[in-house]
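For reference, the structures are reproduced in the following blocks.
Same chain, two partners: chain A is paired with chain B first, then with chain C.
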Partner chain A sequence: MRQGKYPFIVGFLAAPVLLYVVFVISPYIQAFYISLTDWKGISAAPRFIGLENFTRLFDDEVFWAAVRHHGVLLLVMPLVTIVIALFFAFLLNLSGGQRGGQMTGLWGSKVYRVIFFLPQVLAVAIVGVLFQTIYRSDETGVINSLLGKIGIDPVGWLIDPDIALLSIIGVMVWQAVGFYVVLFSAGMSSIPKDVFEAAALDGAGRFTLFFRITLPMLWDTMQVAWVYLGIAAFDAFALVQVLSVDRGGPDNSTTVLPLEIWRTAFNFSKFGYASAMGVALFFMAITFAALTLRVTRRERIEY
Partner chain B sequence: MSKSAGTPGDITRRQMLRRIGMTALIAGPGAGLLTACATGGTTPAAPASAAPSASGAVSAANPFGVAADAPLEVVIFKGGLGDSYATEVHEPLYKKAFPQAQVKHVATQKIAQTLQPRFIGGDVPDMIANSGTDLMDNGALQQEGQLLELTELWDAPSIDDPSKKVRDMVAPGTVESGLIDGKPYLMNYVFSAYGLWYDSALFEKNGWTPPKTFDEFKAFAEKAKAAGVTPFAYAGKNAAYYAYWMILISAAKIEGNQILIDVDNLVDGVWQRDSMKQSAAAWAEIAKYMDKSFEDKEHTQVQLQQNQGKVALYPSGSWLENEQKAQTPETFKYALTPTPSVTAADKMPFEAIRAAAGEAYIVPAKGKNPKGGLEYLRIMLSKEGARGFTEKSGNITVVTGAADGLELTPGNASLSAAQTAAGQNIVTFSNFENWYKEFETELRRQTNALLFGRISADEFCEKVQKAADKTKADSSITKQNRTV
Partner chain C sequence: MVTDTARKPDSRPSAPARVRRRERNPLGAFGALSHVALLLWALLIIGPIVWTFLAAFKTNAEIFGDAITLPASFGGDAWGRAWEKAHIGQYMLNTIFVVACSTAGTMLLGSMAAYVLARYTFPGNRVIYFLFVSGMTFPVFLALVPLFFVVKNLGLLDTHLGLILVYIAYSLPFTVFFLSAFFKTLPTSVAEAAMMDGCSHTRTFFQIMVPMARPGLISITIFNILGQWNQYLLPIVLLTGNVEDKWVITQGVANISTSAGYEADWPGLFAALSMAIIPVMIVYIIFQRQIQSGLTSGAVK
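After this line comes the complex of A and B, so read on.
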């Protein structure tokens, strides 16, 4: 068996690696090449124009608007999602005090767990259509009709350029929280019980338990969550497409790069320029992931 | 123009699924997506360009010399016009002329997504109804040498009267509306009129008459508002172009059609001329009567409100009645009124309407049977073909007199009356919508910003002019020009 190990492994890996190279790596490389051409998406022989597409990007207001929105998304969306998810996960798993030497969650936490996870199962498109009704800007919208009952005038959730992006971020958070509740729950359940027991015996309250023990011991999980959420913040395509006014409006206040890439390629027939945006997005995402992992690096707590 | 027959930007379930799929691809680092259909230059140049093989003997009945047994593939955008006009009228007519020919029919709502890969691969159909929200960029197709020039078609003898050319059988301006780079490449088939649509039954009940000047428009708006009806509304979410059409029509009424030609030709400062400013300001005044919440409504939602008698005047084109057929209550009678006069010194009278040929049909240059494609268009332009189209789709074609004697719906009857009243006072088409999609997108944005009260008419003109200047300065966009 031993001498046959390498052929065996190579034999098994060759097919998936080949598929990966053909369908994942090679399109990326092609995209890099196409970003240097003026390809219109129709002919098979695009013209090479060097870095012109990239210099053009620097003067493109819409591109920078989209980049700014990714900045906002990166700051707000992961932060809010993680805070809410941590809070819920703590309530579900550890805040009910001790029973039989076990930390327990609040009463009915199993039901809550299902409810929190539910949005995660819905397709983004369905979520988008759902929130069209919730955010509708006249008094028939779900939120506005509730606000109307307490005498507040309808709010233009998606038509006010100042809050449209935040409204869409709200939907992203709403959808993501459930998944991270489950992720953090798993993280919390792997923290040794005796640590909590010892702390509880020493008279630690819920706050101390959370901030002094749970949070530091969850650091690895949070790091993963932050990277995942960050990458989600580079997308937002479907929600913006379905929810925003005039695809990315009003006044470009909600547009994101994937939407601009899609528009530039399929509406404006500028596949070369769109690829340049794609390449820019690629580097932004890579930089973000690298930075996050670097900045948040800490010594592992062994247990 | 050419997006007319579709419901603008309506997202169907299929489209949605496709977009979700697309999201997955673009998501994270989005670079990979765009090559999904790319070839990286490895595909040999379209093999079909090697010489359109099929050809037959040229005769009076067969002026292009179509090979009688050559198969023909027809791709139809199945939107507001449906596709029964092709399967039940034009394709049978073609089969009658060439009984040995196989006619393949493809109906799709996603023209670009269906056909783009086929163009790259060199496997193109012979005739395409290039319409809908996701139509292919005709300008780009022409630049890549993918469109067949249609001069031959317009100069061919007409089926109904072989002593006349096809171009003499269609409404004035039809051939011109399909020019790219000064040559005819598009056959615009549907004759559309644009203006404000209303329910004549509702107006009669309330004793209202459609306003003829903007002063009357304001007085009417007060009355309508008092009666609990929104006087004027459009859907900001996906139909901003309905509103900028109105701004352009009013500007043309003030100054004459030259301004539309200048807009298309990206003439310096055209968006900041007085006529444009007056028009934008006038429409912004009226838009104040419209609730802000119309900005996140879709075309269909606002139309529904009109059908329920909650919206008085809705800006759109003549396909509206047919598009709404299923939702319109029995009592609702569509009628068209021209846009009101802005000043007393307008060059064109109140009766002037915008009427233009739209819905582009194209013949790819590198198809297998381009002659057949031309012949198919010639059949569409026959009286029988045009009449059948009107019966199946409820829309009038560019073929003059083809709809004579057909029983017209209230909307079409009103349209025909408006056309008679307008006489020679016709506001012509705009081509920038097809030529400069980026500019058009920016115009939609600014139109919403103006009409929902975020910017003034002056700012609107300044910003749109800036976008036009940017298009003009962009060397990657091929500039077009028109003189008529």
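After this line comes the complex of A and C, so read on.
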């Protein structure tokens, strides 16, 4: 049994570990060093400049615009997604009344779950192109054309700096809700049936069931959801790159850090500076995850 | 037996049963409103996709006209133009090639690593496992610049091989995480019996463990196919040069919508979009159960 164990282990691990170290681990480590240099391209050797890139970030208006947008994304996107997803998950799992002592969903809940989840499997870039025409700002855009039927003037969904970011958030929510409906459904199905049964026998209505039982017992799942949506908010790239006017416009009103990293590196060849933004993004994402887990920590409900 | 006795009280028309029946009443105001909300959201999801498919059959004038009209005729001109002139056919074949190779590679290397990490004790086991799993938590944008130069220095920039290797590397964290949990749940007795009969470690893995792990392998394979098929960031960084003939489908579609050359051909754009959406939808409809459970099990670490 023990014969040839180590050659086997080495043989099986060598290729995956090598590939992983070369293409994943080493770039992550290098990024921290590159962020301390003024590397601008292939010909000029990188010069070590310490924290200069980071002090420059402090005066960079576009950087701060991007950070502000992550703030908006972090508040609005998870909140809206979770509220909508919770509502639908509750309807689909628990609000069809009881049958044979079990809580059931509304009629057709299986079909709804399949439909709601669908956008999740579509490529973000493809969804971006699709919503470009849906959001078109004159009366030929799909939404504006529908609004025109009820006498509302065309809205500049993507060209009005005040609402462009919200329009993009709308697409994110559109795409994400189905995933969290499924996630919350899984959480709800793990709540013991007799809890609901007992509450229903005591005369609890749907609202009591939702706010007094479902919500507190789903707290762990919601915490996971918030962290995941937060990470998605830091990752928003393809949608902004494809959907926004002038890549992050108008007037940088929709730009996000990943987009700035990509532009700074591959359009302007400022690799050191782009990596500094990457490091800033890294620390923001880590801080967010740690904060969320800390703030939302609660007594675990044992069941 | 057990279910029979459990059901009996329900079939009796006792008072609690009648209360339950009233709660199920589909005509309640709450029930009606719920159905309206669910239908509306379903419409919001399906609407844009159906509209895209229809627009692929419309003319430019129809696309810019009333949003909710059917195309005058269902000809396939735009589909042909998108396939040939906008090179969607080429991009599709490139994507199929890249995704087939990288998914196969991911599954082979990922399951090998996961198996060893899950079922063998050796020094460094935990370190390597956490090394893999930590890759799930870091933002890929941090690694973007150095990754570009790593690939460039290896001479793999603008090649499909480079993209395939990078896809495999970035799919390993979740694959290893998911599959090592799966291998741990498999019974040890079967593998031990095989070893007693003189099976080598390698043969035990390929002939005993892989077939037993099939449900887990299928879930994660579909997950990887979808993820790699939909990838956009890595191709636009690693296939940047003048290698349009090597592009993948997401790049191609995003480019049609921005490049001025095709701007006049809106039906072509929607045909291209439809062609990018249809394969994914087919895979989703067939495997939706595995996809949903695969994706969400990743979220509940």
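Observations, loosely collected:
By definition in this document, the second predicted complex is superposed on the first by the 276 of 303 C-alpha atoms of A that agree within 3 Å, B and C clash if a C-alpha of one lies under 4 Å from a C-alpha of the other, contacts with A are read in each partner's own complex, and residues count from 1 in each chain.
The rule is short, and it goes like this: a residue touches a chain if its C-beta (ideal position, glycine included) is under 8 Å from a C-beta of that chain, and two chains touch if they have at least 3 such contacts.
All figures in this text were calculated on a predicted structure; none of them were measured in a lab.
Once chain A of one complex is fitted onto chain A of the other, the partner contacts of A:179 are limited to chain C, with no touch recorded for chain B.
Legend: residue contacts after superposition of the two complexes on their common chain; A:287 is shown touching neither chain B nor chain C.
Of the two partners chain B and chain C, more residues of chain A are touched by C.
By the touch criterion defined above, A:258 lies against chain B and chain C together after alignment on the C-alpha atoms of chain A.
Shared-chain residue A:41: touches chain B; no touch with chain C.
By the touch criterion defined above, A:55 lies against neither chain B nor chain C after alignment on the C-alpha atoms of chain A.
Contact with chain B, but none with chain C, is seen for A:159 once the two complexes are overlaid on the shared chain. Touch criterion not met for A:190: it reaches neither chain B nor chain C.
Within the superposed three-chain model, A:235 lies in touch with chain B and with chain C [touch as defined at top]. In the superposition on chain A, chain A positions 24, 27-28, 30-31, 34, 123-125, 132, 231, 234-235, 237-238, 242, 257-258, 261-262, 265-266, 271, 274-275, 278-279, 281-282, 285 are in contact with chain B in one complex as well as with chain C in the other. Listed in rising order, the residues of chain A touching chain C in the complex are 1, 4-6, 8-9, 11-13, 15-17, 19-20, 22-28, 30-31, 34, 84, 87-88, 91-92, 95-101, 106-108, 112-126, 128-134, 140, 142, 145-146, 174, 177-179, 182-183, 186, 200-201, 206, 221, 224-225, 228, 231, 234-235, 237-238, 242, 257-258, 261-262, 265-266, 271, 274-275, 278-279, 281-282, 285, 289.
Note for the complex: chain B touches chain A at residues 9, 11, 16-17, 19-20, 22-23, 26-46, 112-113, 116, 119-120, 122, 134, 136-137, 139-141, 143-144, 146, 236-238, 240, 291-293, 295-296, 437-438, 441, 444-445, 448-449, 452, 454, 476.
Within the complex formed with chain B, the chain A residues making contact are 24, 27-28, 30-35, 38-46, 56, 123-125, 132, 135-138, 154, 156, 158-159, 161, 231, 234-235, 237-238, 241-242, 245-247, 249-252, 257-258, 261-263, 265-271, 273-275, 277-279, 281-282, 285-286.
By the touch criterion stated above, chain C contacts chain A in their complex at residues 6-7, 10, 16, 20, 23-26, 30-31, 34-35, 37-38, 41-42, 44-46, 48-49, 51-52, 55, 63-68, 109-110, 112-113, 115-117, 120, 122, 128, 131-132, 135, 137-148, 150-151, 165-166, 168-170, 172-173, 176, 192, 195-196, 200-202, 205, 226, 229-233, 237, 240, 250-251, 253-254, 256-258, 266, 269, 273, 276-277, 280-281, 283-285, 288, 291-292, 295-296, 299-301.
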